[in-house]
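Dropping the structures in below, format is structure tokens.
Okay, so chain A shows up in both of these, paired with chain B first and chain C after.
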Partner chain A sequence: MARAVTTRRKVITTAAAWAVGLLIFFPIYWTILTSFKTEAQAINDPPLFFNFDWTLENYTLVQQRSDYMRFLWNSVIIAGGSTLLGIIVAVPAAWSMAFVPSKRTKDILLWMLSTKMLPAVGVLYPISLLFVQFNLLDTRFGLIIVLMLINLPIIVWMLYTYFKEIPVDILEAARMDGAGLKEEILYVLTPMAVPGIASTILLNFILAWNEAFWTLNLTAANAGPLTAFIASYSSPEGLFFAKLSAASTMAIAPILILGWFSQKQLVRGLTFGAVK
Partner chain B sequence: MHLKNALCAGTALALVSATAAYAENLVIATVNNGDMIRMQGYTDDFTAKTGHTVEWVTLEENVLRQRVTTDITTKGGAFDIMTIGMYETPIWGANGWLVPLDDLSAEYDVDDILPAMRSGLSHDGTLYAAPFYGESSMVMYRTDLMEAAGLEMPDAPTWQFIREAAAAMDDPANDINGICLRGKAGWGEGGAFITVTANSFGARWFDEDWNAQFDQPEWKEALEFYVSLMNDYGPEGYATNGFNENLSLFQQGKCGMWIDATVAASFVTNPNDSTVADSVGFALAPNAEGVDKRSNWLWAWALAVPAGTQKADAAKEFIEWATSKEYIELVAENEGWANVPPGARTSLYETPEYQEVAFAQKTLDSINAANPQDPTVKPVPYVGIQFVAIPEFAGIATEVSQEFSAVYAGQQSIDEALEKAQAITNDAMEAAGYR
Partner chain C sequence: MGRIVLDKVKKSFGEVTVIPPLDLEINDGEFVVFVGPSGCGKSTLLRLIAGLEDVSDGVIQIDGKDATDVPPAKRGLAMVFQSYALYPHMTVRKNIAFPLRMAGLDQAEQNKRVEQAAAVLNLTDYLERRPGQLSGGQRQRVAIGRAIVREPAAFLFDEPLSNLDAALRVGMRLEISELHKRLKTTMIYVTHDQVEAMTMADKIVVLQAGVIEQVGSPLELYSRPRNTFVAGFIGSPKMNLIGGAEAQKHNAQTIGIRPEHIEISTTEGMWKGTVGVSEHLGSDTFFHVQTPISEEPLTVRATGEMSLGYGADVYLTPRPEFLHRFDAQGLRIE
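Up next is the complex of A and B:
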């Protein structure tokens, strides 16, 4: 029996949801607002909400100083490439773990996740030396590989969870109809797991887009993505908040728009399997 | 005729290939500060003079430090020129990681570099990085508030006078703090400030045998003075204030005094950003009465050539251009003398136009009053004023400054913090094999 929901309860829940939503959105809102202030207005005490002269000066300065399109393109290639490569590797891995599990599958899954607990800086030198050895420093290809490996445990885990939701009987029926492994994965499993795969792709694209340790430490003049673009506007000596906010707004805008349009899939994907 | 054409074509081809081989593309890692960003705008002048092109990688100071350190230690070769500071230069020079700058041209006039800067960027008398801009620290104060308080700032004040002036200018009702100082954790933030303050009370980080000295009375005296001064007349939450937070407070007229980097002088006197631009005075950083060392530091952002680069000659050409007298004149001509990179060359301070800049003389006096080879009253085994030029220092000092910041935030006592600092430092030095 469904519980009766009173109007009062509805109002309270809605207000609470709005309050939490606004709280989470506030830093982004403040960044966008600050990007339209002068440096002096940006640090004004008390903070200025609307009563200031809006200016586009910071955007002009940032465009003059940095080649935004180059950083953006690098971000798209690196985030897109690492996500695609990750999916190609993770789909067969998740398939075997979900449908032909061995005695150690659970241990392997946990071990994979445990690699995420190692602080990135702990392997900075080994990875840097490998990059030097294989001439991968400051290349997009090198970053695609590294980001793919970093996000792989999450991709495998997410896909594993989605695949577990699919009744194994359907796959067996396909096998009885003569489907081989390739057909089973490509024509039966994948179409059924599309929402899960889509949200995995989206989430990993966002993770790769925002990754700011390896993308800063393994790049120089060529392969730097938007994280390197933002990092060039912070300064310990001198006022920079307005320019930094403009750079941040330009960096998060594409992913914000992408997230906005695909939030339905994203939410569905993230809550998939949470309620049965 | 054919032969003549062939010869002409051959000569042209040879010339083109010679030029192509000579013209290099330099990748430069640099820090995001006003002077460096300005230099990026003048890169065309360098390209026009030499044919070499330049690509900039601009990073925030801490990110830059980590990035270039990784690159030089793994021989990554991602950069042809690195912007490094006075802390790294002698250490990296000693390790053979940098190309010595011992063959700069006669026109460059290496002897014109301010002696304090040259000495801080050398190892065993060899220059390893050329200063692009240098700074010390000094007192910046509100002349109007000082006058209203009936006091006169001496050229070289003592800490006791600073306390007296802070008390006189402190006006909580009008949101004015007597004094604003750094308290933020981090070796280059609050750590640097408390180290120079301790120097001016006669303290030191290590004795001649690399034993930590936090158990000595001078450190306690310095910390007690700082904490009491800031608790009485400093802004609320000073434990998390660094350069930028204090700059913001001072520019908004909320500080009577601020003791910090000389480079701040151009910010607080800039009417576009500062509400108190026309009422700022300058004085040397203070010392405790009877102590022969002032609390001013010495720092330079300098350009160095990593030993792994294949383009050392072109890189040196760039360094000569960027740190030359001609570059200073180029900036002065286009943007005025107040905007030239300060603190690197003696000749700048002999230029009549520059002498008219309000803070020029005090900046020079502050730089000259700093000697990284002899930073403390008692003898020490290290070089450096606000830092100790050993690789382990950044890690140790960051931890120690976190303990001090916890005192400023009221989370522990001075005695507890000093005891922890002593243990942290001695343990780290023992592990590193100094003791």
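Up next is the complex of A and C:
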């Protein structure tokens, strides 16, 4: 449908989009800015925007006091591991829901999603007990499992939507060509769904990377990811804002860069099926 | 070998019976066409044979072995889909080789067979392309290539030509017929186009609402339709069916006469009428003539040179030896 777009309209929408974008970006901008201030400047009133002495002192201090690389590595392992494990479990699940649906498939999908409405703290106690029981506290493996389960509904939903777009004829052709279930999923479905699977992996990696509730509650010194790294700089009195900001910047930098380079894929993934 | 026998095969989706128990025999090497209006169950029947749908009851035998519960991958049949259903992420070569790869053939043998098939189907220059870079006709040939490399017991075609334009369709129709003559493999072909059915089939199965109305060679169906449905469905333009007093004169509920079996004259004849629309095809002319004997205008085929104005008075005379008679149930009276 073609609609005449006037220049005025273009200017207004562009300005509005920039305004919303800047508003969303502002907290991140402020965090990055604060990380280059001294502690005194960080809590200065009125707030300082550019007229301060830029310093890298916070970064040096943070690096001296804690081992950034270890936290980073934990984050990579936990976010990556939970996402991959989730994909392995979700691909067959989404396949069956998309291509051999039963009367209850819609209900199961909704029920899975409903678990996301449950406040996480509601199951903190039972899960902590299970962790104690299975010796999983402060292990990367334990967190991989928990984060995988937490994000599984979203992974299944996303894959389900992508799979629905794949013509069932092509899968039937594979069956006629002698492919068993395994070959059908491995050689036909998965390669065709690669863009969708990539978007799913990306989004869930980001979700897992940013997940704080479980990572903070179930880890300590060994398996703590970057969220724990940040938390270790937050103090109830609200001092050390500059160091906290430096730690936060270091923690979000990798995911920010990843997101920046995969913008297209992410947007495509999130709007997939909505726009044809 | 590809002899397929359906024994009381039934299919229902929930409470709805799409195909009531049905028997059918397809002999080795036969070209069988399932034809019928859309929704008549012809595609479902094909999918039952393919194994893509489970039968609700009955037995399907392929080459004397019970195949009812055998998965599609193990039935040894190949299928060509209406949408072509090529693998978009694979080159033409890999598409055609896929069934061979699934069968576990070695690379050299795969290549040899793919190249043979490509040569037969004029695809040699396109082997490294992806399906997206091919025209509709080429895609259809790739789909056929993928079916023939494996040397299946039978080919199943599900309306393979309906996405092609008219000119290409005629060409592909000939190619498929030629392929059948050369391979002599059983082919089951589903279409709603009775011209395809007439031109290609050794045996036509006319279906309506999941029920087989008639099975026979194209000419049998044309000259001796078993009931009014087959009479109206086979032949183009369709047979004129006339009821009422005129039919009673012939001791029938309905009489049928094909457009090509009516003589048209401006001076004398059995039924007087007025010419409505005329369709000039060059080789033939079809007149739609309004007569007092039926509400519907009768279609009459005349030579291409004949021309009559709208509203002209004409006389029609059916050739008696080609008159079909049907009883109150619509069944043929011999």
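The working rule: the second predicted complex is superposed on the first by the 273 of 276 C-alpha atoms of A that agree within 3 Å, B and C clash if a C-alpha of one lies under 4 Å from a C-alpha of the other, contacts with A are read in each partner's own complex, and residues count from 1 in each chain.
Criterion: a contact is a pair of C-beta atoms (placed from the backbone, for glycine too) under 8 Å apart; a residue touches a chain by one contact, two chains touch by 3 or more.
As the structure is a prediction and not an experimental result, all values here were calculated from the model.
A.B. asks: Give one word, clash or fit, describing how chain B and chain C relate on chain A after superposing.
C.D. replies: In the superposition, chain B and chain C stay clear of each other.
A.B. asks: Applying the touch criterion given at the start, work out whether A:128 contacts chain B, chain C, both or neither, answering first, second, both or neither.
C.D. replies: The answer is first: A:128 touches chain B but not chain C.
A.B. asks: Touching A:192 in the superposition: chain B (first), chain C (second), both, neither?
C.D. replies: Second partner only, chain C.
A.B. asks: Report for A:220: first if it touches chain B alone, second if chain C alone, otherwise both or neither.
C.D. replies: A:220: touches chain B, not chain C.
A.B. asks: When the two structures are overlaid on chain A, which partner does A:65 contact: first (chain B), second (chain C), both, or neither?
C.D. replies: Touch status of A:65: first partner only.
A.B. asks: After superposition on the shared chain, which partner residues are touched by A:180: those of chain B (first), chain C (second), both, or neither?
C.D. replies: A:180 contacts chain C only, not chain B.
A.B. asks: Tell me which partner A:172 touches in the superposition: chain B (first), chain C (second), both or neither.
C.D. replies: second
A.B. asks: Hey, is it chain B or chain C that touches more of chain A?
C.D. replies: B
A.B. asks: After the superposition, what is the least C-alpha distance between chain B and chain C in whole angstrom?
C.D. replies: Distance of closest C-alpha approach: 50 Å.
A.B. asks: Under the contact definition given at the top, report the residues of chain A touching chain B in one complex and chain C in the other.
C.D. replies: Overlap of chain B and chain C footprints on chain A: empty.
A.B. asks: Give every residue of chain C touching chain A within the complex, in rising order.
C.D. replies: Interface residues on chain C, with respect to chain A: 50-52, 71-74, 77-79, 81-83, 85-89, 98-99, 102-103, 146, 150, 156.
A.B. asks: In their complex, what parts of chain A are in touch with chain B?
C.D. replies: Touching chain B: residues 39-40, 43-45, 65, 124-125, 128-129, 131-132, 137-138, 216-217, 220-221, 224, 228, 231-240 of chain A.
A.B. asks: Using the touch rule from the top, collect the residues of chain B that touch chain A in their complex.
C.D. replies: 27, 29, 31-34, 37, 40, 55-63, 66-67, 70-71, 73-79, 188-189, 242-244, 247-248, 251-252, 254, 261, 263-264, 267, 272-273
A.B. asks: Going by the contact rule set out above, which residues of chain A touch chain C in the complex?
C.D. replies: Where chain A meets chain C, its residues are 167, 169-170, 172-180, 183, 187-188, 191-192, 194.
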